[in-house]
């Protein structure tokens, strides 16, 4: 891979990461070029093999199609999996299966990166607060721009290094992760969203009794296997009934 | 005489969407992005430095929502802040309580409808179209995603803004805002309950084997209530965060410990 | 001093059931049958020609319901007209609004419970009994159908009538009628929603095929919400009829065009 | 077939048509002798082969068992299918399959007949209106009797002609309908009830919000596959809850 | 100055649990056990013989509930009786109506949650563990059952008692008690409806066979509403007991007759 | 079997019967040592074969795992089935199948015993009433102790006799029950709980309209096959909504 290709891929990897902002936030970043299937096409284009890029991207996409990140709970990170996994597979002429196989450990590294950034960014929070207090308002407003530096570091550098310093280096690094950890991380990925949902509940629940609403939603999926659109309709209906009760009259 | 022009609203919208997750952090989550957005218009709203500072300080508090559906909230708040700057009697607490009241529900609704429904549907279609390396897959995704998400978020933001500037006329403090908050609340709770059944995965591997017969704990739990463990884990997280007042970072640690212990003992399996 | 005798009520009932669909038309649907029924008793109700004419004119307006469950409506109206003729203060609008309020719900309830439930059940049993050409099949159907439908419609009509003549005593205009209308309304809406999922059929044939892999649009729609196309078509028809004010004949034409276009392009298949 | 048999079948065909009135309306007409299974027995009796009449009738019945005609939406017409299809099959000694095969085009002709009548009947509507205005009340009340003439013409004549002029004539006529139309008509039959339901909704809905009730009913069938009796019970329950809200107190 | 000490409450609890079904009878069901419980404390409550007699007589009336979940009721009544003995103005009718209001709902809830859910779950696990004659099965059942049922019943009884003694302070007659009764009522009705679908079994064997084709009545009933016969039988029993005022013994006889007749004619099969 | 063993089993059988009180009522009686699986262990211990006792107990337990006795409706009695069936099977070295086979007729005898006792106990009710009226309050309170005598008689004696007088006697007795009765009793066992539920409804229903709540619960099981825990959650939710309506304001 040429240095130029590696630099370009690393840049795009940063732009498509969860906290990268410069492609209209998550609209063009995390949710667009951050999707493995799109990343596959883009990386394939850079490396001159769009077709295989898409095939590998789609395979990785399948692993993460149901990924949600409620309240900072990130059960997996598609970024390294895509921007390291796909180039390496393409460069080495490896199959989609290989990319999928290394995507799990890469995702773990990605999760670690996410939490490092989210922890470090507290520094920016306090800086912003201080600047506001000091009346440096323009500067304070620029904090979310400055704070890109942390995400840039944890994304650009590893992706560039992995792409440029080659295919034989990364698998070795991955092999360092003890085999037995894999299970643990998958269990963790399964239960981690609970924390995010817990946070959403914390900021939504007004009284313990309202847990009943939560349970009704839960039953609609867990017991009745309703599609989420149907759940949302029922939720609207319940809110409508509630509105009629609360407003003490019929609303239509 | 409105202080903000159409182009200011647009600028705020663009900056919200761009930076919402840009300084994501364990402590205040999306607060820096909110403060930035206010910082862009604070000069138009207030003349006195002191007022400007106060305004921005109001928005350094904890804030978290799903950035797309939740785009309605910075919209509403922008409207309210403008009215306030124009001299309406909108107390700080009302602005703060409006943010807090709306962020939870819209996080739930957004995570479920955008992250849990729209995105997987578009991705699935794209994966289908991409078979054999066909460019139609990624192309479809890009067009569909942008074609839906940009109008949607702009409508939410701009409607929210209009709602916000009409706040006081509509006896905002009581009546309509409360009804909307409450409704969003209930819907948020229901969909969060629903997607936690869908996205939290926890199966126990414990089983009692004796000769040919095997009795699995998971089977028993399923006969009581399917997805019981995901439910209990979600409630545990809520309990720790809300009732015990734990920081989210600490709760992550608790869950990592659970995952390690449960995985090593086979209590939870994949 | 009631103006109508038992035998008048019976005559009206028989004539309603007989002629409900007898002059069915695109413009006013069942109105001629309604007017006929009033015509049969108008001489008993009023003395002055002028009043008679007005009474019949009241009932040449658009009317449509399912004739069996909806038999309650001519019953109610007959009672109200009698009271009115006796001098009670029942305004024209109240009579008209009662008809309009009840016809929709009872059409929905009737189409779903009579046409969509009772008749298919009886027919299915009859088909089973008719195996090998057994007369028991048709015989069963005749007995069961008549044995259910005649008492049912008579009870609905006569109860309706009694309800109608007691109208004013029960503060008809407000209270109880409203509650009943509203209840029938909601039930009607729910069952219409239900049977439109059952009786409107629309499956799309569009699919993307690439090698071995096939991705069907219908599969995607089903994962979003089963029966989504029937629902959208129903809402489209309603939108054209209600919001766009199209005549039903024109809407039929629109749907014929849709069927032709969709069938030829394979968008809809059987 | 004798002329007498053909006349009798044509008469019954008219009486059992959707807008024929003289057998106590739909009670004894459309919903009784209009049902293919009953028609089969009756035609079989006239033609001296009750057993085969019933077998053919039951076969046609199976096609139309779930036929509803909300708000004049008639996705199929069982009348010609029965009163032309069964006699022809019996007369020619053909199988039930034959009757079923020609029932589809016959049903289409029937649908055309229905809409012709419903369009033409506007004439009677205006006549009734004029007579009322002119004070000819007795006459005006007789309109739904007179209007039978249109239904009589579109039912009696074709049925008689088909039955009497024989089995070789009708199939030829049917063959005139282009093959490719079949699909279109089946698609049309599938979506046509939507118009009827749309009309019912128009006269039931009091506000856009009430669409929620419609959707709840829809979900109960589309997603939860509940039998309609259970849907009706739930509907009663919801109406009951609504009544309690509206009346501002508990109702029991 | 409370008349009853902690140890009295405990004694009453133990005696309720012990004797609830101890003198079960067709006429008053659990009444003797209730009267016994009051008899144990009547000397502490009243001084005059006359009052003591009246107190016990109050509790010889018909009473039936599920003894475990329903343990809340003797608790509540004990509290109310104590308050009454202390001079509060609690009329006889209130005590009686409270018993009657609560016994039905808690019977339904208890039969469904204890007899219909908890016990079968524990038994099923125990049966699994017992495979091959393993003592772990019965041991598990004993520990789990006692570990759940004793704390549960004690909590219900003692909370009930506290609720009862605070009765008058909380405007017991109206407000809160009514809300709780009503809630328990609705929950009771819903779960009774649910478990009657689960625990009443009635399948008809009638079928029409003609050549290869068989049409079963049960199939038709299932397509109308699954479990229709169990529902109708439950409603029949209720009708006879409530609307016709039949004694339960007589209703048992009616059902035996039905079973004999239906079984011999094949109307009902196993 | 020794007389001592037989006496002990008979005593335990009585204590574990539905109306036996002396093991903390149903807590330690009917619901604990009354469960076949526990009875199997206990009887096995007495007879020196715990393992087979448990195996046979579990087999009988399987028959009665879903037994509920609403409002004195007892579709089957596990007591004789356990305390006669298990000892006989153990003593004769018979298999669990044998114990299961005779458990049906034994259960019928048990049901007869239950209704005899519940009928006879009316005597105690009237005695208690008389004593209260006469002021003999202490004695009146002791009635539920005294009334144990009827349950003791119908349980202790048959169990002792069956166990002691042996394995050949009982099967003969059982054979006296006409074969054709088996079906009837199973049908009866199926429909009997209806009476109990009818009684619960009688004391719960406040108005005919409230039958709707019953039907909603019914549908949740019969149509939607929800687990009872989910039904209970929905019931709580409905009660909560109702509370909000009744109290005229939102409750949370």
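Which chain is which? They are A, B, C, D, E and F, in the order written, and residues in each are numbered from 1.
The rule is short, and it goes like this: a residue touches a chain if its C-beta (ideal position, glycine included) is under 8 Å from a C-beta of that chain, and two chains touch if they have at least 3 such contacts.
All of these numbers come straight from a predicted model, not from anything done at the bench.
Undergrad: Which neighbours do chain A and chain E have in common?
TA: Common neighbours, chain A/chain E: B, C, D, F.
Undergrad: With contacts counted as defined, which of the two, E-F or A-D, has more C-beta pairs across the interface?
TA: The comparison resolves to E-F.
Undergrad: Can you compute the centre-to-centre distance for chain D and chain F, using the mean CA position of each chain? Integer Å is fine.
TA: The answer is 57 Å.
Undergrad: With centres defined as the mean C-alpha position, give me the chain C-chain E separation in Å.
TA: Using C-alpha averages as centres, the distance is 46 Å.
Undergrad: Centroid of chain C to centroid of chain D, CA atoms only: how many Å?
TA: Inter-chain centre distance comes to 14 Å.
Undergrad: Any idea how many Å lie between the Cα centroids of chain D and chain E?
TA: A distance of 53 Å separates the two centres.
Undergrad: By residue number and range, which residues of chain B touch two or more other chains?
TA: Within chain B, residues 124, 131-132, 134, 182, 223-226 contact more than one other chain.
Undergrad: Counting only residues that touch at least 2 other chains, which ones in chain A make the list?
TA: In chain A, the residues touching two or more other chains are 206, 210, 213, 215-216, 219, 223-224, 227, 229-230, 234, 236, 240-242, 245-246, 248, 250.
Undergrad: Sort the chain contact graph into one of these: line, ring, star, complete or other.
TA: Shape = other; not a path, cycle, star or full graph.
Undergrad: Per the touch rule above, enumerate the chain pairs that touch, sorted by label.
TA: Pairwise, the chains that meet the contact rule are A-B, A-C, A-D, A-F, B-C, B-E, B-F, C-D, C-E, D-E, D-F, E-F.
Undergrad: Going by the contact rule at the top, pick out the chain F residues touching chain D in the complex.
TA: 206-207, 209-210, 212-213, 215-216, 219, 223-224, 241-242, 245-246, 248
Undergrad: For the complex, give me every residue of chain E touching chain D.
TA: For chain E paired with chain D, touching residues are 182, 223-226.
Undergrad: Which chain E residues qualify as touching chain F in the complex?
TA: Its residues touching chain F are 14, 17-29, 31-33, 35-36, 38-40, 42, 49, 52-53, 56-57, 60, 64, 67-68, 100, 103-105, 107-108, 111-113, 115-117, 119-120, 123-124, 126-127, 130-135, 137-138, 141-142, 145-146, 149-150, 153, 179, 182-202, 225-227, 230-231, 233-242, 248-249, 251-252, 255-256, 258-260, 262-264, 268-270.
Undergrad: Write out the stretch or stretches of chain D touching chain E in their complex.
TA: It is residues 227, 229-230, 250 of chain D that touch chain E.
Undergrad: Taking the complex as given, what residues does chain A use to touch chain B?
TA: Chain A residues touching chain B: 18-22, 24-28, 30-32, 35, 37-38, 40-41, 50-55, 57-58, 61-62, 65-73, 115, 117-122, 124-125, 128-129, 132-133, 135, 137-138, 140-145, 147-148, 183-188, 190-206, 210-211, 213-223, 228-229, 231-232, 234-236, 238-240, 242-243, 246-247.
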